[in-house]
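What follows is a set of structures for review.
Next come two complexes, and both contain chain A; in the first it sits with chain B, in the second with chain C.
Entry: the complex of A and B
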């Protein structure tokens, strides 16, 4: 670590949302002329921490100091004045205006706008940092990479000296990412401090000067880049030591194949192959963005397979999704509980009826009374709180909503369950409930578990598949300790097989 | 038709188009900030009554004109309170404002129906008024008409070349981006609503101070609604609003003339013309997939920052 005084020091920052501890006693230094990478899985608390630094959220406890003096950022404006600028993942640009107008929005101090001078100034600023962008272009016509350049120009124009990048490469092509890295290096050379949020190991290793690793709201590791030698080492530090959790896992004899994916290609997938049998949990682990999302979306019928085949319950993908069997088929537990899984503004009963209509319809009519009795029983069995049919989905905590989703999906007695990050953002008690429910469902169904949490995967799975670069690099039994030790290398794409 | 008929018709077009132009520019300012105000009709008629009463009792048309602007601001502020303070639905609030304003004006105006008030008189512009054809059409009107000649370019300059105009447009397009840039999004929306209300009030004032010089029930007769449609027709550009307002002014003037010549067409059909044209124009302007320039956040409330 550099010995010079940090330009920003976060000390003992804690923040919780309800029962979820998003940040817990975090202490971090940001130095001038250095790039600090915040590494961690989704939900590790990176974005929360940076929102606190940018003045969007207030910490429950802890202090921020700027150049040695304690500061309180009660709003974004205060943070901007201290030179902190955030490049958001979702750009905050006005589509209908030009590049220069966006750069000068809120930053011009004369009443009259001089378009010619604005354009010249933006062009010069862009050139200084090695960007090529037309100041007169309208934002709506720009590529994602160019829009991001405009966001950066906005901050540079305001003389921001501490820039925060929230997963900046998520929306960029590899070439645009290269250009961005060049710009970032140039900015650092000119004395800017950069905080860079990412879960991509290669990026972090090639760009950062210092690395801080976050996990479940805590900084579990903080080290200069010099001391890290490979992405595998980084991955090992990131996943930490896998802890086996307390879950009742009774052996179940695997039966027939319920899902068979063969050489599935396209949309980020490069020939994924695996099968899931009834009675087993197949856990897919990997760093996010290695093809998990398109894989799940294809299996669950949200997108059609481009190349390769997906067989569900013995039927081809197209055949399977052309039939409308509500019972004993496929259940999907999406990552996005409030959106894909439920409608936030509908009651629990209505949300139940969204996917489960068998037995509760007569012609065009919904048999609400009969469905209500069933939902009440489920609420009781699954211990969902508040125990109220008419409660709206958004009023439930994450854990209770997830239990409601599981209750609804399991009621259909599925034979294949696809669970995507089922415990993300839940506190430990709720997560344990969800794990136990999944284990129980395993007796009837084959479960495909896609997760970024290695402990979760090891605890629940019978077999593990590691995903990297759009395919499963290796598949093995969950008690194969030798291979388990190599998971970090596999996640980093370094395994040889 | 001879030239002797066309020139007065065109001159009447300008006069008939002027109140619509005021109201259209007012609604445009409001919509640029991302707020839809369907209360134009109500605000105009309150402005019209205020102007009439002030002129009637004080005898000063200029004072009456500005009083109407103030009345427009006051009435529009109700819309601001509902939409900006309480996050109410903009459509419902605007409709309520129209009903409220019309009822208010008709109730308090009843005892003045048919009475007259001093208004603005035509004032020929020296030199320009003597140009053949152009002079009689454009430069032999009252001062309020001349004001609308400079208003659209001023507004265009404001929108495009001042930082306040830039802020106003940004808030109408993407309030979150404006807020992230450190602008007060709700403050700009207040500016849009109140500034717009001012011009809507002036539009009403033109009807009672220059167009008729007297008070009748239902004085605005749907001109506020035409203004709402014209903003869309104008693609939110002041220059096109001028064109649109005179197009409607022309139809209104023509309709009056046709009635006066005793045509066979039933008068109710002629009275329908401007409103039929409104529907036609709206369909026409939404054809094709050109950029309509519509503020992206139009009608969407700004969530209070917490």
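Entry: the complex of A and C
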């Protein structure tokens, strides 16, 4: 049923938040009866683009046309009227109501609810698309997969003809994913257009008709599935050509081991093994969702290791986190700077004290004046804007917030640094600052760098580890060109020898 | 019709936000006046009686101050918990337990010298109130219960426990069957200041209020509470012992409400009887919200809402308006002030027709 005329055409869409270009001149076609996969790392701009399509954000420039006619989605209502519906990662359902009631929520005009008719209608709709769901079941009793089906039914009931799925399999079991794919194929056959956001290569390859790859806000590749032969090829296109960036990298002799992870298992990890020495950067690369998150959370003390061991600065995990010093220890620079690394409603001074408070106490007292002088100096040194101790964290731009976190964490003179996507969402100037800071810190500390940006990993790291399926499939020196060329295969989980 | 667009304010309002607050209170009074009209009471005269009754004479102001003391302490207590986003609705029960603890000390050691006995009563009140606050905190940590529901339900248990004691083992044999304990000994009573009717509990409020401010502004634990109140995830990231802090604030919260119970039993009633429970613990929640958890604001708001309670008594005597009217005004003020918070953060801009 594929037609030549695209049902939705995005042309030259650009959107920036402050100095960060989230989408840059993006042109994409969505066809009826086809599945378009949007592939890209976290922060590549997929979600921004889809929010624009769903009417939640307005583009700075560019146009959207629906069935050949230009449209402006000033709010979500207008996008819905054009038949665009989005299945969010986090479901928007009323837990205490039944499936049918949720499907009809907000859609029914009459005062009285006719439960019998509602149930019949929902049942018929579900059967039509090959879903098996009881319209009378209460949402709270359903599995994640079934809840997702309700979300889809809601959209189908509204006669949405263009469905956007935002990483739909992230919350599903493999079996539920299979069922979802069957439903999606069924919908496409009936003429629906589907946009499918994912960073799972196998899924994209098995499901999509067209593939668009986003990187740093741009569409870097757009191709029909027919022309892609393997997940490795897809990974190579996604990673792009690694460019070595300009960073002062002084050679440092690696010294004692500061982090040793052995056969760490559980929560998505399947026996991760590696060590980090003082004076080196160990870069972990891989497609998101292959165990990086649980690995970092375990090392940084947010979750306890289930099986296997983690030794930090010579101490077992439990021992290390039972009594923590504020300085010369582990510094964690998380990906989530706004929700984890800082308190959005507190001032810069208070946010600085968050992890360094141990250095500014006398008895029960907190020496805020002394801390204030230190922070003022750091604000100056790191060029944090606005240079105001009382500015609240949420008022800072992403780059300035990250600089604030770095200033704070480096002030602790750490001996082990865990940096997670340290330049994600930063403009290039801010990213360079971050890289130089990390390089300087390497003289005193061992650094574990977890990143989806291969250029960043290759530029900064002394050794590289590739993660796939919850373990490090290979570890090698950052100047081993032969292995570097094979990173896409390793990221796709293909055995290499 | 003119249409408006809602825009988030970029700059902070600062002192100008007090205009919004005053408008909200004026609106609440206007609505109260409408209700007076509906029951046939002259509204202007009614509101004036209310104010005169609350603040119009020395006697009225003293009475307002006396009632402000327990409200202030309970409110300081709930504000401690609210700052950590722990919703302690149980000041009423913790207040009752404080009164019970203080009464126990007063009845058991009536002959001790005054400073010793009063200290013991304070200690017993704080321990009893603190434990009453600690139970919901521990249930929350261990079993994941909701502290709002548990603290609320424990209020009823506390009140029943108080009644059980005064109807039973603590009942004064000379009370002709009335449910009340014997009068406390002279040593167990917090005295009045000079010739005024106000008891020296007001100094306790002053000291505790200042300590509250110092604790949250200058100590490490106070800072950790502030950070945890803003973001639990960030607190865990920074190695702040969040679970311990939850228990700590609930104990402090209960101890402060317990202290209020001690003062009420010792200074105001001089014994324990069921009429000690008049809902100060609930008014304290309203006060804490209106005052945005700031101790100085809590002091002012406590005085104003205590005045409302006193003023309504005059309204009842002079114009036969039921006492429940006071609770209605209290509720209206809370609603309008909370709703006005919207205008502190957003502004409405008229939309021009294109």
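The rule we apply is simple: the second predicted complex is superposed on the first by the 492 of 497 C-alpha atoms of A that agree within 3 Å, B and C clash if a C-alpha of one lies under 4 Å from a C-alpha of the other, contacts with A are read in each partner's own complex, and residues count from 1 in each chain.
Criterion: contacts are C-beta pairs under 8 Å (C-beta built on N, C-alpha and C of every residue); 3 or more make two chains touch, one makes a residue touch a chain.
Since the model is a prediction, treat every value here as computed from it, not as a measurement.
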Quiz item: chain A superposed: clash or fit between chain B and chain C?
Solution: clash
Quiz item: A:101 contacts which: chain B (first), chain C (second), both, neither?
Solution: first
Exercise. Considering only touches as defined above, state whether A:113 meets chain B (first), chain C (second), both or neither.
Key: first
Exercise. Once the structures are superposed on A, label A:78 by its partner contacts, choosing first (chain B), second (chain C), both or neither.
Key: neither
Exercise. Based on the superposed arrangement, let me know which partner A:340 touches: chain B (first), chain C (second), both, or neither?
Key: second
Quiz item: Between chain B (first) and chain C (second), which, if any, makes contact with A:366: first, second, both or neither?
Solution: second
Exercise. Based on the superposed arrangement, let me know which partner A:93 touches: chain B (first), chain C (second), both, or neither?
Key: first
Quiz item: In the superposed model, where does chain C crash into chain B, at 37-45, 55-63 or 109-117?
Solution: 37-45
Quiz prompt | Common interface positions of chain A, toward chain B and toward chain C | solution = none
Quiz item: Once bound in the complex, which stretches of chain B touch chain A?
Solution: 160-167, 169-170, 173-174, 176-183, 293, 295-296, 305
Practice problem: Enumerate the contact residues on chain A facing chain C in the complex. | Solution: 300-302, 324, 332, 334, 339-346, 350, 353-355, 357, 361, 364-366, 368
Self-check item: For the chain A and chain B complex, residues of the former touching the latter
Solution: 75-77, 80, 88, 92-97, 101-102, 104-113, 115, 154
Exercise. Show which residues of chain C lie in contact with chain A when the two form their complex.
Key: 218-224, 226-227, 230-231, 233-239
